[in-house]
Amino acid sequence: MIWLDTLVQGMLLGGLYALFAAGLSLVFGIMRLVNLAHGDLIVFAAYLVLMGVTLLGLSPWVAALIAMPVMFMLGWLLQAAVLNRVLGKDILPPLLVTFGLSVALQNGLLEAFSADSRRIPAGALEGASLDLGLVTVGVMPLMTFASAICAIVALNGLFYHTALGRAFRATSDDAVTAGLMGIEPKRVFAIATGIAMVVVTLAALYLGMRANFDPSIGPARLIYAFEAVIIGGLGSLWGTLAGGIIIGVAQTAGAAVNPEWQILAGHIAFLAVMLLKPRGLFPRAVD
Amino acid sequence: MYRLTTRTRAGTATEIAVIVLVVAGLALPAVTSRGVIQDLFFILTMLTLAQIWNLLAGYGGLVSVGQQAFVGIGAYAMFAGVILLGWNPVAAILLGGLAALALAVPTAFFAFRLQGAYFAIGTWVIAEVTRLLIAQWKALGGGTGTSLPREATSNIMGTDAIRTLFGVREAAARDILAYWLALALVVAVTGCIYWLLRSRLGLALAAVRDNVDAAQAVGVDVRRLKWAVFLIAAAATGLTGALIFVQTARISPEAAFAVTDWTAYVIFIVVIGGIGTIEGPIVGVLVFFALRSALADYGSWYLMTLGLAAIAVMLFAPKGLWGLISARSGLHLFPVRRRLAGPKIEGGH
Amino acid sequence: MLLETRALTANYGQFRALFGLDISVAAGECVAIIGANGAGKSTLMRSITGVIRNEAAMVLHRGEPIGALSSAEIMKRGIAMVPEGRRLFASLSVEENLVIGGQARKAPGPWSLEAVYDLFPILRERRKNPGTALSGGQQQMVAIGRALMSNPELLLCDEISLGLAPVVIRDIYAALPKVRESGAAMVLVEQDIGKALAVADRVYCMMEGRVTLVAKTADVTREEIHSAYFGVAA
Amino acid sequence: MILRLENVSKSFGALKVTDGVTVSVRRGEALGIIGPNGAGKSTLFNLITGNLLANEGRIELLGRDVTRAPAMDRVRMGVGRSFQIPQPFEGLSVFENLLTAAAFGRGGREAEMVDDCARILEETELLRKANVLAGSLSLLDRKRLELARALATGPELLLLDEIAGGLTEGECKALVATIKAIHAKGTTIIWIEHVLHALTSVVERLLVLDFGRVIGIGAPDAIMVSQQVREIYLGLEV
């Protein structure tokens, strides 16, 4: 039954990656923006939550709840003031700007919080586990997975059943024609990035509660998130979950063979999918 | 009756200035301290990487964020040459270039299937995979890395001559040798790129950059062009990587495959200076080094400033500092424009 | 005047596509703009709707300069467009494509989802389909319905017969009188001159970025149109 | 025959944009193509140049089957084209635009091409602006550059896509004179144009395209007065 355990643990790990990736997927899908600072923004949000816990004495959940609107505003500002000005056919300007933001964030956090590893205290949840008969799973990974599903269901609901979601999809299809419908693409983009930052805060909460973090770990998280998004296919949130699960299972399976192969196995799975399907598993019909 | 010319006054002046600078650069170790030589080594190698990335992205349109793969594989191949084959480190640098070239073939095969952002991320993942595979190589220290053995570093060809010439210790002599090699490499790489841009390939690159459809319609083989640029860039990056780690004499997967050091900073240098020009990376590396020197006492503030400077340049001067300068003055230090000279042409005599 | 252009010019980079156009549309009027490919008709539409931004005073809506506004701001003033090539949103169903047309401007008027479905009954049957799964003619109906959903004062139709079979074109044109009855002014950009003239009150003919003919449709002769259109006498 | 299309068809999804086109072009001929917007004229050019591949049918160039040959090969065999919307290499000078076309279209060394490029620049009245950046040219000069760059590839068959559109009458006349001169030297020309008076002053035959099908081909005078053309263009029932 080891393989079943590996599969279940891998899927749960995939939930964490999907959570990292959901905000990225939203932004990438709507405006084709490659945000290389996404991982550092997660780490930034984790410090924000940590500050709520340590300075204000809040529970992590309340701290995250308070951090969410703050992050929304930051995302909105970032998009409106900076990213909207560099979006275009050429991918280099947004790539460079977000790379610059990534380096600035990492080093800013380093100055503010030092290179020491930190962790958001989660109390009794840390290390708690649940016996499901065939396999035993950690409560925290299970909650992460559930949160990923909730986040994706919520984002999909927003995307497919609200006027805002309609505007998102229309702008993504054809920003010029969306303008003719009275939609300001730049406003839509700012809101989308704001929402992505709310999801980032949720991801940061689990990142910080599950393991130690320090200012430098953003890029590694980013790469898993990108792999999940690309495997899933542009604009498909369930695809992103599938991508996260593929990476998670591959990593867990790799680690089961040899602990040193964990990360490698995830990357190889990504490369294999890209070789077979260069546009991901669930690409949109039109692009 | 009609003549093609690329020669300009500024271009000739640059050529003379470069020769003077190179001669002065060769003689410099006689009059400066070891610290300055090390700083210059750093500047020259970063400039080399910047010129190469500029060729790749600025001229070839290949926005790679995985160049650290070639720095790392080049450095490790050099180490393998020294430790496993017993080569002299200087000779083993060539092995670094070869290894990077070999890695570039499958990388290009894979990455050229991907478009735009996917290409960028794809190259990064390949660099990560290479790093993780190299970390499995126990003979070269695995995940923790290793150092060049003493007998190899003390025996590098030419260091004895340098010791007697300048009357310095062995370690300083090694730095001087590395510095000379870096000087040779940056001149060779920049010179090659300059030559390339003035050859047929340069026209093809400019054509593809401006308009792919039209380039195909006049017979440019876009695919072959991209392959050529990618492979050349990889080999040169591998050589540079190997040289960098000859100087440090210590290697680890994290250091050799660092995305920030070998790609992020390099991209900042190119963009701050001005992408798509040979002058741009030169200006960029000077700004980079000035920032580093000025903020050296403030820890990571300088990196933060660098990141913010890159953002500011992209927002307010997308063509970089050199773009501002040449737009105002019309100056081109490395002219690549082919001018038709002859009767009836505006400004052609 | 509902809409006016004054010495409107437009460039694509160095390429000048429009050379000082003066065009006017009165409230409730239907104007046809005809001309060959490349005459600048679509550029004119893009300039009016803010897809190409101009100097503010080059386009006037009820006397107010709107030339520098964004598409979204212009649309909210009651100027809706059926763009060339229909340009339905591929990720939206037929019904969503219609709804999004009225989402940003809530103006009272005759047009609603039900009214559009009554105008083009086939769309009611296909309302759950993705917009791009329909035939060309049905897509054109969605594009027209989508523009109507905002209850515009002025409806701009760019080449609504392009690439459609004659029988389909007839069906679509059959719906236009009902649109006019609802009170909206219309601008029809067309290559199919006969169809456009049958509906319009006035006609502008364009050639190579300039207006070569302005006339009431009742007065104009075929020969005048032929020479304005081709630049050669019939 | 320099070019022969046999039953060539092209579809994008369900939309058939080229529908069983069969036509032959003699060496040295000038053929005009007309038809309403969306009739598939530019698609036909893209099929001939290899920018698009046909779904059905056969394309022969100089007696060789090139139906599946890539665009690059066809350029080297002697197909030069201009684009409907001028697509100069904006970062290069006018002369460099031609040099690129000459060096790659004919596969020669730059230095050998200089005189040829200068001659073409003279013919197309661009010589004065040889060292000007293509991005800063006026519309007329862009159209001329399209023509000049196509000529620089050394074409036996020259495809011109709406090269007179958007020009003033005087500019148009100058361009027509240039094209006539090129034709007089023996280059085969296929020309898509809406500016009919320009077109009919050069071509010997006119082909009418509608919904991707050839609905008429023949002498310009006969085609222009035909009922079909009037119906298609003017929608007038005569």
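A few points about this structure:
By letter and in written order, the chains are A, B, C and D; residue numbering begins at 1 in each of them.
Keep in mind that, in the parts below, a residue touches a chain if its C-beta (ideal position, glycine included) is under 8 Å from a C-beta of that chain, and two chains touch if they have at least 3 such contacts.
Worth saying up front: this structure is predicted, and the values here are computed from it rather than measured.
Here the chain-to-chain distance from chain B to chain D, counted in touching steps, is 1. By number of C-beta pairs in contact, A-B leads over the other of C-D and A-B. Set against the C-alpha centre of chain A, every other chain centre is closer than that of D. A straight line joining the Cα centres of chain A and chain B is 33 Å long. In this assembly, the C-alpha centroid of chain B lies 54 Å from the C-alpha centroid of chain C. Averaged Cα coordinates give chain A a centre that lies 51 Å from the centre of chain D. Within chain C, contacts with two or more other chains are made by no residue at all.
Multi-chain contact residues of chain D (touching two or more other chains): none found.
Taken pair by pair, the chains that touch are A-B, A-C, B-D, C-D. Per the touch definition, chain D reaches chain B in the complex via residues 49, 51, 71-72, 75-76, 81, 83, 87-93, 95-96, 99-101, 103-107, 109-111, 114-115, 117-118, 121-122, 127-132, 149, 152-153. On the chain C side of its complex with chain D, the touching residues are 13-17, 36-38, 40, 136, 159, 162-163, 191-195, 208-209, 222, 225-226, 229-232. On the side of chain A, the complex with chain C involves touching residues 163, 166-167, 169-170, 172-174, 176-184, 235, 284-286.
The touching residues of chain B, when paired with chain D in their complex, are 1-4, 200, 203-204, 206-207, 209-211, 213-221, 337-340, 342, 344-348. If you check the complex, the residues on chain C that touch chain A are 49-51, 70-72, 75-76, 80-81, 83, 87, 89-92, 96, 99-101, 103-105, 132, 146, 150.
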